[in-house]
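Heads up, the next two complexes both have chain A, just with different partners, chain B and then chain C.
On to the complex of A and B.
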């Protein structure tokens, strides 16, 4: 966007001629994007109106059935239950994630603190993200098994008299999923927020200090407002990532989302349909998921940018 | 205003592209994680021994002249590969410690493709490869695939025609005359054609811990123990006594097959899901026993479930067929109950069967002669079958061999303290009724056990558990009506 804008302003022939190379270099990306993203995306919409699955070895459909797939999904109420599960687990993980990330990045970027070993800690907090989510989830599954190390530790410490079945209770399963997501992503968020904070003009901080502002005041009145664009970006990407939560709960609950499907996320539900080759229903679910994601993203964007929106209108 | 529109459009575009990549990414990640959960992973073992280096072994299984040089076999575990390595004349396994690594028969290379059975993964794999088998390249053609009773009907279907009629291979009814009728019923299509053959007759019973039986019932004699578990009410009464002596009976998942084999109707009739009275009885009986601490709700094959096979953490009984002895009971390990012959065998509350593996010839095979010979050797040759029974304690699919074993010391099984269960097993195999078999049985069995575990553990009401069960069935089988 920016590049073409500046080129237009300059308007020189040479630049335009060079621009051609820009487009040529973009061709591979667009070709891949169109073939592997855009066409499947459009097809997903198209196939969501079809009955198309395997019954035993017999292919049923594709038969055009209009909105029947959507109706079935919306009427059964499962979709809302799984949306709720997904959002609960996302919020449980996101709140501590944003809290710790803000705290850590504020500390790391505060020149007056002069924290030692910053580089070391930045690496350490980022490390969980380097482990494959599936492996991480498998690790937790083993750690929190009925006869696993966490339970034997808790019993030896005298906290519990008998093993707590972590995988059989709604709270503990959701809590574990949220905790894992928090652990995996707070390092990443910290790095992003730090980048944002370091981009703020230090003159502003110094001026505030000269005026006698406390560090709390500086954080709330200067750092946060100026960090907003990055915060909005973090919120929206995390929300979209959260809505697509899959590998952690899938592995932790062995694909079932049990107990009682309390940890079944939207993508796990989608995976169930894809696994039984019910492409029509899976397509409809994908489209609904797309709509949910779009609506929530716009909502977050509007809410966090409420000031900017108002200013623009007046 | 303009800025606002631009920013909303931009954010929507970003959301769209991210959601878009999400829906396509989810397909890839689903396969990825399925692989890591070992639910959908396909492990292809390739035997790369060059055929030229192998000297043909004269006087062994005929591989058919001018036929394919690669025999592809689809399996879900090591059992058949091990049986072939141990018992098929002329077969040379490549790696004695890993039977699924394949081997050779004469100048034909044998390759196994292992796909775990859980969550229909094995079936999904077959669904992928079998319909186009005839047009696959010769070395990739599936020649043999194995099926279990839970879904055999799906693959022996006459319209689907993915398993060859045995008569087309040149196997006659006379060849199969000594097999038990139920093993033929499982793989008979609607036109009466047989499309598979098994070396096992998997009638099953109750396998009890002798020392606990002595403590609780005062005897470990199979006939006396049988009286204490002869029907479900005496079974439940015995459970109370076992609990009072400080033990648990078994897992509620162990008793499932005994109930589910004695249902009055298939689990899907006219595309409608049916929950039979006997399934309901299993749910209600099990809930009572689990609540009373007399049964556990441990999942089959899990670590907690296996603990009862060891003397340190014993339980009163397991429900199992003959393949349990060799395949599941850890009898060769230190501390195992079976190591010193600590188990006994009786019929239990109701007759039933569990499992069994059928060999099917894939339509489109380029090795029909070899496939025919393997089926004949492995499932009808009395010497091979007797060898399997004696060496692997398997209950083989031959009326005459079982009869012979029942009256011979060769039929005495070490882990059962030398008890000879073959008369009991043979009697069971004759009475098995397959009329309520459907293609949905594996999904039904897995999902109802998963859902009811929540109910037994007190995490869901019975209605809630039934409703999650129905949802899961609907997801697995879109064509059926669940309510």
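On to the complex of A and C.
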């Protein structure tokens, strides 16, 4: 490595000549980005200003109607109801997710606990994340069916006297969706938080211990404050993921979100418009979702950048 | 004296906390595995046995159920699995190769606008595919690419998350002097990338191939919009169709066999690769 400085100086002229290759190597990314993401994004914005839907077999439009789709979308109660559903199911899943992830990552990284079998536990808790959400929700649908194995188990154990209709109650449908999201994501979050915790200077823990701090105090007074940037990062990225919630409630409720469309999420709503070729409304909804995600992403970006600068100074 | 009792109290509290930790970990592991255990048991039982209720002991009808669902059902899960595999494997190869190339452009060269382009790629990372879906299907229809795997595979070439991971990894393994040495030896730029850079990136490429494969394999939203042809459908689409069918009248053994057929191959592969996968999660997610 010592010689690299002089080599760089000697070769700087040569390197300059090569630098246009940077553009050439960027061509595949940008060509694909423009064709498969940018053009579709621009078209989505474009179509959001047109009246364009199927009325029976007859296609209406496309006719330019300005902001009318947005007005219709914002005035109709559906948008707000589905936003509420999405948020409720996200929060129901996220609270236990962050709770258990914090607990587990604190335990895994606590040297005084010396937990055995960490690799086994990590492998197991990460497993649901890799399972196809479509298959996982189909599995839960069959397991929690009226005559399914969970009901028979609960009856055999004497907890219920007759089958509980999991798929017919608002609470149990939303609860199952949230529970599946929790199972699929708490392992991932645990591993992310562990990386953050292992980055904390161990001297801090030792000093606190010498001063007689209990492990609970250490967790609340040292670990948690130092972990705040990662926690906020996890929360916002999870919120962005939560807004995109689709596969699990879609398959669990067969696209209906029933009972009472209580599990209908924003992307399920979008999907419905796309299938019924209601393109104007689909466009307006997409643009709204894009803007919300953009705001949240800027927050993440600010945060990680601030974090990087901070780390760079040390 | 006081010091002794404090130490003792500490030891007791550590032991107590350890017990609590194990209990919670075992309960959570149970919550993660229980469903797959029941799935396995039920896939081995006949419809008649399934109607009798829950049991923890496997039966003998696994092969019969699988045979029924794979070769004599309304769907063609084997075709579905092959389709899923083609899409996921080609995505994994293309995405990792070209993401490494993009990272190499930013890493190895100093050109005008480099910083801005880097920031731009990170900024588009968060655009959800769903919000471009409307324009995407209209545009693919125009290009006659509906019912084609290309709209599912080719877009993975522009994968900012994979790019970011590659860039991070490259910073630690590819020194400028190494590339300079290759140039002095007269290697062309493409050759330097393919012969020098790519082999050094192997571990990162392996990790990202697994992640790209899995996310493509599990993807349901976009494939369901693009693939309408029966012979082109991927596994998640078939599972959604199974949910849509009035299958409570079906042979439930077959339904479980179908779900098992989609889930267990992934679990088996995961058991072999878990070390790399679990290790790879952090490297890309949080900055070092």
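Following the convention adopted for this analysis, the second predicted complex is superposed on the first by the 260 of 314 C-alpha atoms of A that agree within 3 Å, B and C clash if a C-alpha of one lies under 4 Å from a C-alpha of the other, contacts with A are read in each partner's own complex, and residues count from 1 in each chain.
Going forward, a residue touches a chain if its C-beta (ideal position, glycine included) is under 8 Å from a C-beta of that chain, and two chains touch if they have at least 3 such contacts.
These figures come from a predicted structure and were not determined experimentally.
A.B. asks: In the superposed arrangement, which partner chain does A:258 touch: chain B (first), chain C (second), both, or neither?
C.D. replies: First partner only, chain B.
A.B. asks: Tell me the contact category for A:178 with respect to chain B and chain C: first, second, both or neither.
C.D. replies: neither
A.B. asks: With the two complexes superposed on chain A, say which partner A:138 touches: chain B (first), chain C (second), both, or neither.
C.D. replies: both
A.B. asks: Based on the superposed arrangement, let me know which partner A:98 touches: chain B (first), chain C (second), both, or neither?
C.D. replies: In the superposition, A:98 contacts neither chain B nor chain C.
A.B. asks: Does the superposition put A:60 against chain B (first), chain C (second), both, or neither?
C.D. replies: Only chain B is touched by A:60; chain C is not.
A.B. asks: Which partner reaches more residues of chain A, chain B or chain C?
C.D. replies: C
A.B. asks: By the touch definition at the top of the document, which applies to A:36: first (chain B), second (chain C), both, or neither?
C.D. replies: Touch partners of A:36: chain B and chain C.
A.B. asks: Which partner chains sit in contact with A:21 here, chain B, chain C, both or neither? Use first/second/both/neither.
C.D. replies: So A:21 only meets chain C here.
A.B. asks: For A:197, is the partner it touches chain B (first), chain C (second), both, or none of the two (neither)?
C.D. replies: Neither partner.
A.B. asks: Using the touch definition from the top, say if A:115 reaches chain B (first), chain C (second), both or neither.
C.D. replies: Only chain C; A:115 stays clear of chain B.
A.B. asks: Considering each complex separately, which residues of chain A are in contact with chain B in the first and with chain C in the second?
C.D. replies: Shared contact residues on chain A (touching chain B in one complex, chain C in the other): 36-37, 40-41, 44, 132, 134-135, 138, 145, 147, 240, 243-244, 246-247, 250-251, 254-255, 267, 270-271, 274, 286, 289-290, 293-294, 297, 301, 308.
A.B. asks: Which residues of chain A touch chain C in the complex?
C.D. replies: My answer: residues 1, 3-4, 7-8, 11, 14-16, 18-26, 28-30, 32-33, 36-37, 39-47, 100, 103-104, 107, 112-115, 119, 121-128, 130-143, 145, 147, 149-150, 152-153, 155-156, 183, 186-188, 191-192, 194-196, 212, 214-215, 230, 233, 240, 243-244, 246-247, 250-251, 254-255, 267, 270-271, 274, 279, 282-283, 286-287, 289-290, 293-294, 296-297, 300-301, 304, 307-308, 311.
A.B. asks: Can you list the residues on chain C that touch chain A in the complex?
C.D. replies: 6, 13-14, 17-18, 21-22, 24-25, 28-29, 31-33, 35, 38-39, 42, 51, 53-54, 98-99, 101-102, 104-106, 108-111, 114, 117, 121-128, 130-139, 151, 154-155, 157-158, 163, 175-177, 180-181, 183-184, 189, 193, 214, 217-218, 220-221, 225, 235-236, 239-240, 242-244, 248, 252, 255-256, 259, 262-263, 266-267, 270-271, 274-275, 277-278, 281-282, 285-287
A.B. asks: Report the residues of chain B in contact with chain A in the complex, numbered from low to high.
C.D. replies: Listed in rising order, the residues are 1, 3-4, 7-8, 11-12, 14-27, 29-30, 32-34, 36-37, 39-40, 119-120, 124, 127, 130-131, 154-155, 157, 159-160, 162, 303-304, 439, 450, 453-454, 457, 459-460, 464-465, 468, 471-472, 475-479.
A.B. asks: Which of the residues in chain A come into contact with chain B in the complex?
C.D. replies: 36-38, 40-41, 44, 53-58, 60, 76, 78, 132, 134-135, 138, 145-147, 165, 168-170, 236-237, 240, 243-244, 246-247, 250-251, 254-256, 258-261, 267, 269-278, 281, 286, 289-290, 293-294, 297-298, 301-302, 305, 308-309, 312-313
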